[in-house]
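Several structures are given next for inspection.
You will see two complexes here that share chain A, one where it goes with chain B and one where it goes with chain C.
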Partner chain A sequence: MDGYLISQIVNGLCLGLIYALIALGVAVIIGIVGFATFTQGEIVMIGAYSSYYVFLWSGNNLIYGMIASFMITWIIGMILYKVCYAKFFDSPEYISLICTIGFSMLLKNLAQIFFGAEKKPMLNIIENRIYHLGIIEVSRVQIMVLVTVLIMVTILSILFTGTSWGLKLKAVSQNREAAALVGINVDKTAMIGNCIGCAIAGVAGTLIGIYYQSAYATMGATLSMKAFTSATLGGLTSVPLAALGGILIGVTENIGIAFSSASFRDIFSFGFLIIMLIFKPTGFRRKRGARA
Partner chain B sequence: MRKKIAALLIMSLSLMSLAGCGAEDSAVPEPESTAQTKAADGSDNAEKTIKFGVIAPLTGTHAEYGQGFDAATQIAVEDINAAGGVNGYKLELECQDSAADAKTSSDIFTRYAEDDEIMAVIGDFTSSCCKANAPLTEEYGLVQISPTASDPSYASMSEYCFSVMYNQSTAAPWTAESVVGHFLGKSECAVMYLNTDWGITTNDYFLSGLDSAGIKLLGDESYTENETDFSSVISKLKATGADTLVILDQGNVPTIINQVKGSGWDCQIVSLGPGASDQILDLCGDNAEGLVIPCPSYITADNPDTSDFYKKFYDKNQCAPTDHSLCAYNAVQALTEAIKSIDGEVTRESIKDALKDVSYDGLAGHTQFNDDGGVSRDLLIIQVENGGYVVKEKYGYR
Partner chain C sequence: MMDKMDANVKKAIMLVAVIIVCMLPHILSKSIMTIVCSIMGYLIIAGALNVINGYSGQMCFGIAGFYCVGAYTMAILMNTFHVSFWIGIIPSGLFTAIIGALIAIPTLKMKGMFMAMITIGFSEVMRLIALNWTSVTGGTMGIKGLKAPMFFGLKTSGASRYYYIYLAAVMLFLLSTDRVIHSRIGRAWMAIREDDMAAKSLGISLNLYKIINFMYGAFWAGIAGALLAPYKTYIDSAYFTLDEGFNILSMVIIGGQGTLAGPFIGVTVYQFLVEGLRFAGVWRYIACAVLIIAMMWLRPQGLAGNSESVLAGKKNRSRSIIKLPEVFSLDRTFGTRRLGKANIG
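Then we have the complex of A and B:
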């Protein structure tokens, strides 16, 4: 395999990690709340703007930026839950789905009104250093995105499988009525699940802003669709498989581009999804819709 | 509960009746006359207005330029009105956001066309949007004068289509021969371009320029307008061994520059399209050092010809104007000059006819439309040095 192809696979892995970062939140929300969401791209954007303003205030303090994006998107998650999910658990699923689409448009337009339509620079938050591993070149930000994805997958897996709180989240995701019967506050638990999904997207927004060195109101539009595609590949509700889905989408796109043109990027990703779902409708999961 | 419902009903009825009164009130006086009807009677000039519709991408990738359109056209109208208007008419503007989407742009154009008050349309930013509106200009008999459409096929699509921007059939080959070949002294380069009408046409003309200058093309890659990650294209072009990258785009240029530098590719970057944009300096910082931009104007606070415009624009938009904004100002000037030359009734048709003959020296230099509705403009070569733009070669370079 020549160096060029390897560099394209590395590019694909890095892009896939960006998709994976957002897909993690999608999988958590679908897994716990039980409804699809199309607001993740805009939550990413709010996360990026939150950290942008905190970076301005704190002099590019990364920890402050991440905490701010986590907290603000958590609050947005609470509002989102109340507006788009809380009242619609007994309604057809498309009602909340359309609500999330409307909510995403609202967030995007409000961002353009309050933050302006121009791109905000997020320069030099992390030093732009390139590491050479043989013929592979990786930047410091790319390593940081990889580490963040690994940490999040680990924390979420431990949370869902190894703690009593995670059991509550899992119980709500599996059967709301039964969970209520054993004394779990279903509404509050589902809201927390939604907030976790949004806060993950918020932190992803900080990293994506740093990675692309800018924050702007429409930054989440394409990413949101790719994240949903990644989660679908992962069976919609599994955190590690959603991350795997993101990485595979990124690699597929870049290998396709290596042999053709970047203008066909979406053909490769969505083509891959369609082919995958034709042969394996449950995605990477063995059972359709199995919970996290 | 019943009381609440009753109160709500009363409030609703009151509001409806108030709205009804408002509607009646607005219908009582003479409907706001169009310039056509007022021009015909020849009296009461002080009250008369001519309204232009502006279509600009106020949001999205090209927002910087769209907001520049909005600010620059407002400044032009304020300047002209402050000087007494044109032929006794005051100018008015209405600006709507197309987000550089051709369908939205055409919807806005149709709305303007069906509004009798609108006498001409200024916009849109992208050639694709302008070309989508071209058949509508013919259908409704309404002029569309674009400040920036440089696709050579646009202005000739209809006799109602005009552009005050240079034409890529001359600018792109000139960039290949004079900027890449002569100014930078390069014998080979790689190109990445936006996969739109504008990008494809500009790329075609650029490649023909490379060919005639004997410059070797090492790679030529396109990408879609909403692309955010250019790493795959950059890796592809970097692998060709090129030491010069030409970017044919506008709004994505800062993102591409950052990703090129982030990938460790130390190449000379040339960009045709963005103009001397403040956003590039803000978003790229040190990454923009050495960037070369061919540009028909460079507006600075200390240039006596443009300092007034610069100051007014900065006050309105909190950033320096690019040539695109200057062209938006010039589009209003062109329409004003056309109206000045109309003897009789000012109609959409008479504006179209008069525009063909305008010839004047404005902020953007001399403007005179050719038979196709376009203009010729000379280009400067500008380079980023120490965080700012520097004019390296003046007009008339080769």
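Then we have the complex of A and C:
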């Protein structure tokens, strides 16, 4: 039982890292664009599919696959921004929310038409080998996930803290009008923020495809909810806390599975969401600035 | 003189409409009656959602959860406790209403996407409980062998006979909702939707009316579920997915939130799109998705919606103090009410 529990925690951590990546994307989108998104799960699905086709073409080249999913979901992010957000900054938020629901239905059904309803196998992208560190067993895929997530997070933090782009994104997320006053192209910057959020989710899609060894059209169904759940921990806009939330949810789910059955997986994450929203809807972020 | 003529003509039209509606199963073929029955079913659930989203402006995205609770309550009552359909239908609705209150109380202070997310979470949890609590709900096997009820010795199984039960339920729903909407409660809901701060300052208890609103919507959603179970004779959790909830939501939005006629128009358009474009295969779902996005771009208040309401996408319009009296006259809402009656016949 002990070994089983530990391996479940390791699995949970690994899955949690992927959730963290998706949740990071959600936090970036909500922080910079200011609207919630229901499309994140479908973006993950598009990311998985695009890397699947690139893996077929390039003979399982991991780097090509990730770059492809990053770029394609970036383009989808641009379309998403134009369709669902650009026109609705002055409207009630439910309008853009419903637009994203429509867009996610569109993506899901288009994927079913063009890629087929059956699961696409993504076998042996990485040679499956298990390393033993004392009592802990870690597979090669899990190490790959960890490394990728760390690289992505590092790039993001450099982008946000060290470049002028990051400064612009921060300015837009803090106050749109003031940012426009100091000469920032708000529309373009918000679009870039949305694209970054989507592209991170695309890379997470590649990781999920490799982790579950398949890509299929409905794989994103609950992922956007889980990402949102993770993001609530940081009051929806805090990037590091969203990542922490993702890891927490992955671990909670897998520990929950260890004590009950795998079919209860989603109940744990949605229960977590409901409890979190009822008792602490603003998350654990200290309040700064006006945007809530 | 002219008025009298008008009244007589109206009466005649009403009579013809009532006769046509009552004779529908004898006019239309069985396959079309199946579509009509599904439209009737969706009409109740979409109307229930419209009460929550349209009239009081809350964002309930998880109506499928209430649908699920109602259907399973009915199925369990009929299957395990052998309760007759006619006795079981009201308890199913009431039980769903209690669940609705349990959701409404913790979410009273929430708005916008938080509310949307928590109701979605609730809907998924309900579905997953139905899927996994095998000893009570049958798990993945669902509940089988439900029988359509007997009405004084007449069988009601099959779409063309069950149609009358749906018809009665829809009529009851429209009548009671029409009464509620034009009572003190309905006006309080609309005031909360247009501007909750102003409503509060006029002495409307936000908490009380929001809970009543949720319970009323949940009650009818539960009734819709309870009607679905014996009609399909078999239910499982696949009927109540998030996508189903989003479909119902899009019907309400396409038709127009906050009007009685809205759900009717929305459900009819949506169902004819889904059923009428059957030759187009899966492409019809793309048509639905495009329709939703197009509606948000062109007419966010829906086909029958009121362009003066906050639902029409004019943010903060009613926040300006000068326009407050105009909002509270609510004349224009009554304008849509008349439209509603004309369309329903």
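Here, the second predicted complex is superposed on the first by the 282 of 292 C-alpha atoms of A that agree within 3 Å, B and C clash if a C-alpha of one lies under 4 Å from a C-alpha of the other, contacts with A are read in each partner's own complex, and residues count from 1 in each chain.
The rule is short, and it goes like this: contacts are C-beta pairs under 8 Å (C-beta built on N, C-alpha and C of every residue); 3 or more make two chains touch, one makes a residue touch a chain.
As the structure is a computational prediction, the values presented were derived from the model and not from experiment.
Trainee: Based on the shared chain A superposition, would you classify chain B and chain C as clashing or fitting together?
Mentor: clash
Trainee: Based on the superposed arrangement, let me know which partner A:N175 touches: chain B (first), chain C (second), both, or neither?
Mentor: Neither partner.
Trainee: By the touch definition at the top of the document, which applies to A:T222: first (chain B), second (chain C), both, or neither?
Mentor: Both partners.
Trainee: Once the structures are superposed on A, label A:T161 by its partner contacts, choosing first (chain B), second (chain C), both or neither.
Mentor: Neither: A:T161 stays clear of chain B and chain C.
Trainee: Have a look at where A:E93 lands relative to chain B and chain C in the superposition and call it first, second, both or neither.
Mentor: second
Trainee: Classify the contacts of A:S263 with the two partner chains as first (chain B alone), second (chain C alone), both, or neither.
Mentor: both
Trainee: Look at A:Q112 in the shared chain and tell me whether it touches chain B only, chain C only, both, or neither; answer first, second, both or neither.
Mentor: A:Q112 sits against chain B and chain C alike.
Trainee: Identify the partner contact of A:C14: answer first if only chain B is touched, second if only chain C is, both if each is, neither if none is.
Mentor: In the superposed model, A:C14 contacts chain B only, not chain C.
Trainee: So, A:N185: does it touch chain B (first), chain C (second), both, or neither?
Mentor: In the superposed model, A:N185 contacts neither chain B nor chain C.
Trainee: Hey, which part of chain B ends up inside chain C in the overlay, 60-68, 132-140 or 168-176?
Mentor: 132-140
Trainee: Name the residues of chain A shared by its contacts with chain B and its contacts with chain C.
Mentor: 112, 221-222, 261, 263, 266
Trainee: Okay, in this complex, where on chain A does chain B touch?
Mentor: 3-4, 7-8, 11-12, 14-15, 18, 112, 116-119, 121, 123-124, 128, 130, 137, 139, 141, 212-214, 217-219, 221-223, 253-254, 257-258, 261-263, 265-266
Trainee: So in the complex, the part of chain C that touches chain A is made up of which residues?
Mentor: It is residues 59, 106-107, 110, 112-114, 116-118, 120-122, 124-125, 128-129, 131-132, 242-243, 246, 249-250, 253, 282-283, 285-286, 288-290, 292-293, 296-297, 300, 310-311, 313-315 of chain C that touch chain A.
Trainee: Taking the complex as given, what residues does chain B use to touch chain A?
Mentor: 58-61, 63-64, 66-67, 195, 221-224, 226-233, 235-236, 239, 254-255, 258-259, 261-264, 279, 282-285, 319
Trainee: Can you tell me which positions in chain A touch chain C when the two form their complex?
Mentor: The contact residues of chain A facing chain C are 36, 83-84, 87-88, 90-99, 101-103, 105-106, 109-110, 112-113, 221-222, 225, 228-229, 232, 261, 263-264, 266-267, 270-271, 273-274, 277-278, 281.
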